[in-house]
Amino acid sequence: MKNSQAIILIHCPDQPGLVAAVTDFINVNGGNIINLEQHVDKQENQFFMRIEWDLSNFVIPRDKIEDYFETLYAKKYNLTFSLYFNDYKPKMAVFVSKMSHCLFDILARYTAGEWKVEIPLIISNHEDLRWVAEKFGIKYYVLKINSTNKEEIEAEQKHLLEENQIDFIVLARYMQILSDQFIINYPDKIINIHHSFLPAFVGARPYHAAYERGVKLIGATSHYVTAELDAGPIIEQDITRITHRDSVQDLVRKGRDLEKIVLSRAIESHINRRVLVYKNKTILFS
Amino acid sequence: MKNSQAIILIHCPDQPGLVAAVTDFINVNGGNIINLEQHVDKQENQFFMRIEWDLSNFVIPRDKIEDYFETLYAKKYNLTFSLYFNDYKPKMAVFVSKMSHCLFDILARYTAGEWKVEIPLIISNHEDLRWVAEKFGIKYYVLKINSTNKEEIEAEQKHLLEENQIDFIVLARYMQILSDQFIINYPDKIINIHHSFLPAFVGARPYHAAYERGVKLIGATSHYVTAELDAGPIIEQDITRITHRDSVQDLVRKGRDLEKIVLSRAIESHINRRVLVYKNKTILFS
Amino acid sequence: MKNSQAIILIHCPDQPGLVAAVTDFINVNGGNIINLEQHVDKQENQFFMRIEWDLSNFVIPRDKIEDYFETLYAKKYNLTFSLYFNDYKPKMAVFVSKMSHCLFDILARYTAGEWKVEIPLIISNHEDLRWVAEKFGIKYYVLKINSTNKEEIEAEQKHLLEENQIDFIVLARYMQILSDQFIINYPDKIINIHHSFLPAFVGARPYHAAYERGVKLIGATSHYVTAELDAGPIIEQDITRITHRDSVQDLVRKGRDLEKIVLSRAIESHINRRVLVYKNKTILFS
Amino acid sequence: MKNSQAIILIHCPDQPGLVAAVTDFINVNGGNIINLEQHVDKQENQFFMRIEWDLSNFVIPRDKIEDYFETLYAKKYNLTFSLYFNDYKPKMAVFVSKMSHCLFDILARYTAGEWKVEIPLIISNHEDLRWVAEKFGIKYYVLKINSTNKEEIEAEQKHLLEENQIDFIVLARYMQILSDQFIINYPDKIINIHHSFLPAFVGARPYHAAYERGVKLIGATSHYVTAELDAGPIIEQDITRITHRDSVQDLVRKGRDLEKIVLSRAIESHINRRVLVYKNKTILFS
């Protein structure tokens, strides 16, 4: 089995000596750095770093690392950090509606063991994809949401998520707008796929809008959900070429491949702790 | 030398027998079809076709073809068409401001003989690129435009264009908004390059806007200019990948390559009579 | 329900009047042309065409169309053609080995009804993917092939294919080389996915070879299988960018998405009768 | 004006404490790190790093940095390094033959001031592009090379390069094979553009070979020249989509845009000291 590793994501005002200080902390305590990537945003004067190190000979016990790091560095450098361990499998909930392509792509990777993640449940507002969930032996809850029962249904959703100790949520073409009160519970923890090259074609029916505008490329965008619709931090985007011969239905068909790949890449980056959100933008460590 | 060829672009309401009728007209009169591409827009119920044929043994004299076609088909099928001959070199004017990359790309192709086109003049609102024009021996006119003299300067521009029998205009990062009265004289004959993936980031400073939004791809769009800003029929678009490490200046730098290639592809399609505009969208024959 | 449509794929030596003759045949007999795409290969002097027409008012009975077309055109123009009907669902067999990603992608599309195809059976040389087949309720046959029993096993495979009236075969990372005797029975009817940008990295372990060579892009190629390994007519190719940071395992991981998308696009083109093979190359109608 | 900066490229066997040691060296001596990127090749167990730092308050004089670094680190860590200063403009020679597109692209960027480089001379085996060199006011030498005078001509080339203190050479579609004796003088200092997706279509006439094979994408590859033809370390590659409609001439035309962009990106990476060669592969710092 692979050794236990720790991953730390850091950001703070840029200042001399940061890299040396943090790498020294790991080295002198017996950690072996496996990956280090840093970035300085000169416009914002902010420093960002992701470090992954082997814990085999690390002298600080894993449950004390956070405390030590907080004490030694966080205050001194006005530094914000998140600490993860590679042997913890985050728990992910999938929200779906009627379309199966993103869900199938997620479950195929999941069952093939490509991702270090658990998927305890799928939540939907329709029965349509129950058969898919059943194929893969995953609990499927239908909570029919409408304009009058949103608050109540979202409370039920939240209850299910808590009961299953969910770490993050994937909206795999869920087609419902979450309330601000719901979103606020999961900051940078709800990943959506929008079927356009954002910020073009925000909102409903982007393929119809793309067709009307006569664009020569269509896109898909995966982003964290924030209170403002389709305006959260972008994790991943991609496009595919279309022509005048493509009808709206052709865009929908070609777009499906884009959507599922872009969403799965974003999920993978999130699972591997490669995404750091700062001021509505993402640092995507490679 | 290559034989003379005629190119006809057609559109009309879709109806049975169109392809057979038009190809028959060319065949029975001794024309040899070199290329034929048709397209039916089912939503609009419109038929589009581009045919290119060799005139070597064509029995109708070239100056009569338009008349014959009009008489025999245009009324019968409620058909709109444009006729071109491959041995006529269209005359193109280039409007520039201060940036040289698109202009260099155009002139490099022009002087290397890649395009069947004449470039009699370059018009600018600044002296900055006179040296480039002089390198390539092309007339360079500076007409300093501002908020108070627009009407007058555009009249001068129009005079120059007419004097030089210009067929179409390329705005190679011209950075000025043309008046509706000017645009109306050149329908589907002014090609612009906008440095974003339209319809995202319409208007000024799109790279700054892209940077602010945190997109993962930047784009460039070449389109025909219409009265509404950055909203004309799109001819060509492309994108390139960026990361959080790219500053606005990096976007500008990476964008330059996109802009010049996308603009030159659009110009090439226009020169080769491969673009047909219908309802603010383009049919781009291959 | 959609009306019945016929699709004809044609090739013959280029000669004047071909388009007019064939479109006239359809028109005068009451067929409504829905799509027509033609191509002339000037180097080979060959003419290619794909026509799709509505049969609702077509006066020739569908079981006589082939005969009429043969009599009226095939001999006259030295023309080769294939006739298909859109209401017949071709039967496809999938051959797999141990990797699930292509199979999942195929079955997800199949069960979502994206493709007009039947998949009566999956054949493998390993038990590994039986669970996937069972999830989707498709028969799964394990025929363990090795260096000594190839002839015998291929005879069993052939028997199964015939019993299930299979029209074409998809090798979804099958990892076995088919014998010439087997291939000869399915000309342009076996679709393979090779995990490189052919003709680079023919044969085994292309990701290892790509890693060793230090390429900056990796690719996948879907092609029809011919007697020469990895040298058949290419249907579809695509690439993705890699960097020096990617290990062989990263190439394998990134390559999976490429492989499944490229293979599925090729299958879709085949199902929709958009592929015409001529001299070891494909004409891919759009 | 921008402050002076130093750039150091390092590689050595991987070992704990490297990042901390080197960043500490810069920090304690008053340098401000602007960029740091490291990479560990686990298969080779090699460590690679690029650091860029501001020299404004650096206490070690710039002409002593190399010596100090050698003494303090190189032996201790068995470390190989190259030191550069951002205010030195490297001198680049361009070798051309008859095609102008890459040369124009290089000179357009050069004269627009996009690159921190000097181009003292262009060397060719033909007179064809003298007019381009003259447009840009750059010395143009014609040295007609053939099978019998290679040694002698290469000696003349070498003399010219030395006289002009050339740091690196760009083969902008030079179309001649350099001798091993010539190449050996410029290790990792001769950048070539090959008009295929290497390792596919090594050698002469790759577009013809790509056409014959029926590929669906064509590529271009920029690499350092080594003794083995088209087999040196790859710096940059890209591709563009083609179809069955493209003739060899179309591939040549579409390929030109690829070639010039790929070559210019490689030159830019080289000028900015972002390329480190190790075992016939490149580490490309971002």
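Note that the chains are named A, B, C and D in the order they appear, and that numbering of residues resets to 1 at the start of each chain.
Quick note on the criterion: a contact is a pair of C-beta atoms (placed from the backbone, for glycine too) under 8 Å apart; a residue touches a chain by one contact, two chains touch by 3 or more.
A quick note: this is a predicted structure, and the numbers were derived from the prediction, not measured.
Using CA-based centroids throughout, the chain positioned farthest away from subunit A is B.
Note on chain placement: the centre of subunit B and the centre of subunit C lie 38 Å apart, centres being C-alpha means. For this pair, subunit C with subunit D, the centres built from the Cα atoms lie 42 Å apart. Touching of two or more other chains is recorded for residues 243, 245 of subunit C. Contact topology of the protein chains: fully connected, every pair of chains touching.
Of all residues in subunit B, only 16-17, 19-20, 23-24, 27, 32-38, 40, 241 touch subunit C in the complex they form.
Per the touch definition, subunit B reaches subunit A in the complex via residues 39, 41-43, 197-201, 213-217, 219, 233-239, 243-245, 247-248, 280-284. By the touch rule above, subunit A contacts subunit C in their complex via residues 100-101, 104-105, 108-109, 111-112, 114, 135-136, 243, 245, 253, 256-257, 261, 264, 286.
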